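Before I ask anything, here is the structure I am working with.
Going by the order they are written in, the chains are A, B, C and D; count residues from 1 in each one.
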């Protein structure tokens, strides 16, 4: 293959026309993509386009996907190294191509070295402005919003990066249907109060106000992950919370114990199988507190708490908390929406919602948001 | 046409093998079918089968539908008179046919003369036992459960019997999918507290404990409609409530005034468009009271309150009431389930859910009940 | 029920504003509806509408269905007698209602007394003109086009009127999707050369040029059934033939023998299971001859021979005949289109295509005709 | 990332347990993957698997996709070089993973240097036998079978490798549904007689009997591409031809002229827009000759000629040829099947069938083959 001698390198430092998707520290160079669904979008002429990236991980390798003119083109594993990926070749040079490079893998709280950083592009074309979309949506969730199980066979049960995605994800389906920008903030296994296995440190509210509180360690700190997020910079029209599934699970799991401090935590069931009221109360308080945090940071956003894709168990507990929150605050710009439960027909890998379940949930949520946004 | 000389008349009084569907006073002869979905089922041999009925109405003519071996065969208007309808002709005489004659029209609280009574059958075959189905489901609702809009064109806006049905109805779809017997108790325009236009007398709880409190007047009284219902005779595995849609509407409608007594009723919105808390509270109390009434009469039934096919507005109010009810009673065999809202694609006549909306709701509800029933 | 005293009778003899659907002798009074899909359409104001009809049969009772504003409303068996059927009651009197009364049952070659005749209407409103639709489609076929099996359960195997329809029929689905008028000329069991059981008299071409050659006997003769059809009065944009299924069957059935004359007929298979070439040749000749007859009577119509809903066996024989016809005549305004075969998932009663199969065929045919008609 | 020190290299030369998919010269090392859908399949234990490949091209870069346990995992562009791709990492080592690495890009007759060669694998596990599937299917076609347009946006009109696939392809969908092995032999723009633009050298029959006659040049010759294919080594249960679309196009395109020899070729329309009979005849002869070639090489295979996904124009010409072929040879194990035309709703990139069109065609073809294969 004869190399294209007309390629020129464009560092993000110098480039004007591009759009960053997902929460990040935009002052960084190279630019980190922390969350699944985070990415970069360009409108570019030319016959060929490459993206220059830095990748690393200790255990869980990142996956990315690309699209051209809105159509999914590729999905692949990234392995450590400074590298360039070709995004297209041989295209009609005059046509403007809309190209998007997106992280498929969630922020990885269990791998401090997992990162994808963007340095810039190489092309024989030039970059044009990328326009904003009419709506902004923020999705906050757990493994469902991390797309776990949207790739993989039903019998696959490992907990692995390869099975997670933003490319087959209700959040992205909803956003595409509404022509909205999206941000995803999610972590498999985490809840609003504790993790699926009762770890009280694994709750989304604790990390929500940092740029990416899920990305830990000194390297991520240098990338700005631990900085407070500037909420004013991107105010969503709607915040969609999809939490509670792991909090429900915690009631059925053994006690968590901090091996270092001996601290323990456990959500209990009563002997008759119902929820212990005291424990349920602290779950509800966590919901109330998180709604307050969301409202503080997103004063005008519609907040909808969605629930149900992996069971309806905490429906009444969540709505009780939402009612209490509304009574306390008078904040009626908050709502509760059930999403259809996953069935044998719609399940994906690792007993998580498959593509069909995400499509079905996306339909209900899209219809709901259409009414809310007047879209 | 040469008449079939082998037809014999079988009065219900003498017949042993048949099965009555829907709440009625089974001691009556002829047998009244009060509700949509009420009917009679037989297993019969022979080449020909007729049903002998008495029909009347003042304004709203009843509609019925028939099925053979589970397949929809006919739907027609019934006009006043003692009459015989042919259900099939010319069939292989030895084969056992499962035949069902079902009322399509809801109980008509606005027409005291509207009735369908069954006298018996005529056939050249004989009747065999009709077996019970493994599950029993009771659906309680408003115009949605009365199937309003499941027949008719989108532009049809009259409030008429012709547009209502049990033959295209989520309640029947769910029951068929689960192989369950069903009973429907519903009335268009009614709510749990008041009607869509604030009439506080039009609430389902007020009629729930009579056989058919919706059927009024002296004629219906003779038919047993006003008798207390014997709940022990038919305990459902699940009670599915689908109420709240008209209660939500009441907040946006003018005050109701009793022309005779001058009594008035009105659910108010605050000036900012939110619900008046006091009025919302009496709605919630009505939900709580109805749950108590349902539990008293159906001690072991799973009770699920479904909501959403015509808007999600009272979601939090209903769940708040359900939470309060659970706290007061400890009755955790109650749950809340949203059904997908009706959209432009799924709407039917008179701005009510069309067949597609019923099908979609039925899918979600069927899946839910499958888990509950272990079906 | 208080009778509506404002009803007036309108005889078809005097009425101007109505539209007849389906081939008939329009000079007759009362007006016969010979074919499934034949009917009468009115635009009418008023609160109430009745239709006055004469019905009879010896064995096979006719079925009809009605629609209002394009939406299916009722389907019912008709029994012998001069009678009036109420089509609607209680409607807003000023609104114009489009109402259609349609025969569901095919022309019945095996029951000379089976007929539905229209005398007129009764209403308290008045009749407005019925506009023409932009396209005209003629469907010619066998039991598939007679809708056999579109009603009934899978296990139903009797050959009965109750299972046949135009109301659930690919021909009507296609016409509705294209906003076209339709005429159906079909007979269960018949082919282009012989019937499914080798009766060479049961071929559609032999009756095509009469108004309704399928309706026999002196009574039908008086109704004009045997008169030559005036093709110039209604030239279709497209003629859709759906024949060959019974001709394929004939190869696998025993010889037919005329009990009176001793005449016999049989399409043979070779010992190796392939078609006997001589017999196949006379099938092909029948196709060629029918195409010529169709073209003679429909000079400008697009003719498409569709095939496949009950097996693809004669695909190559039919196309061979069509090629020969094109070579002989140069008539390239003829085409062949396969329709998807019926499967376990889409089968209806009596091993015939069910509603799902009709819907699927309708989709392919609608798409095809859209291109042809430029619709 | 700490490298996995337990990885061992396995050269295909030494490896026993793997399965090659697609026609190739299996005596080559490294092993060439010529066609889209060609690939290698292994059953492997271990936590990690890499594949070692050689890639090159002059213009059109190859694309590949991978699957694990039958589920699509990745799709990516390959650029020139000797390289290793990681297929999975971090999996439960004891579980047996079924892994498949498949070429997405068609054989590239316009790029003699385009190739993907497999050297072997690296893993910390071990290889187990790969069992045969119960059926074998061979698909022969043009751009449709090359999956052109199954990736890309509707507005994309370049002719590029990125838009072609086997991963979203009716041939693979059919094979998966029937649990069949598949081989694809296809080339965009080619026909059974000539290319879409009248080049008579671009016809599939001319390359069918070589291993991969589409791969030209000395490098491909060394890879065995030009060797005669050993048909006995893999006899398909069915051969599915999907050709004719480009032959239809040729009638509407200008004359082709060989710039070197001055030779010309053109399929003509008559002035009235119909096909010139002489030219149509040579198309038919090409069909006949190809059927003979297919039968010679696949004595017992069912041969079905499918057609229609991009228009039904040559339906009668193809069936005429098939009839002639049957008459000449008596070979009735051949059939014709139309596949539903592509519509606005189902079209993909470059005005070619999109995923939805492939899915719809696959359904019809799967149902057809199920009957043929008794599957």
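FYI, contacts are C-beta pairs under 8 Å (C-beta built on N, C-alpha and C of every residue); 3 or more make two chains touch, one makes a residue touch a chain.
Quick caveat: nothing in here was measured; it's all calculated off a predicted structure.
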Subunit A to subunit B, mean C-alpha position gap in Å, rounds to 44
Distance-wise, how many Å sit between the C-alpha centres of subunit A and subunit D, to the nearest whole number? 37
Roughly how far is subunit B from subunit D, going centre to centre by Cα mean, in whole Å? 57
Going by the touch rule set out above, what shape does the chain contact graph take here: line, ring, star, complete or other? ring
Listing of all chain pairs that touch each other, if any do: A-B, A-D, B-C, C-D
Subunit A-touching residues of subunit D, taken from the complex the two chains share: 1-2, 56-61, 63, 68-77, 79-80, 86, 88-92, 113, 151-153, 155-158, 160-162, 349
Within the complex, subunit B is touched by subunit A residues 274, 308, 312, 315-316, 319-320, 322-323, 326, 332, 335-338, 340-341, 343, 363-364, 367-368, 371
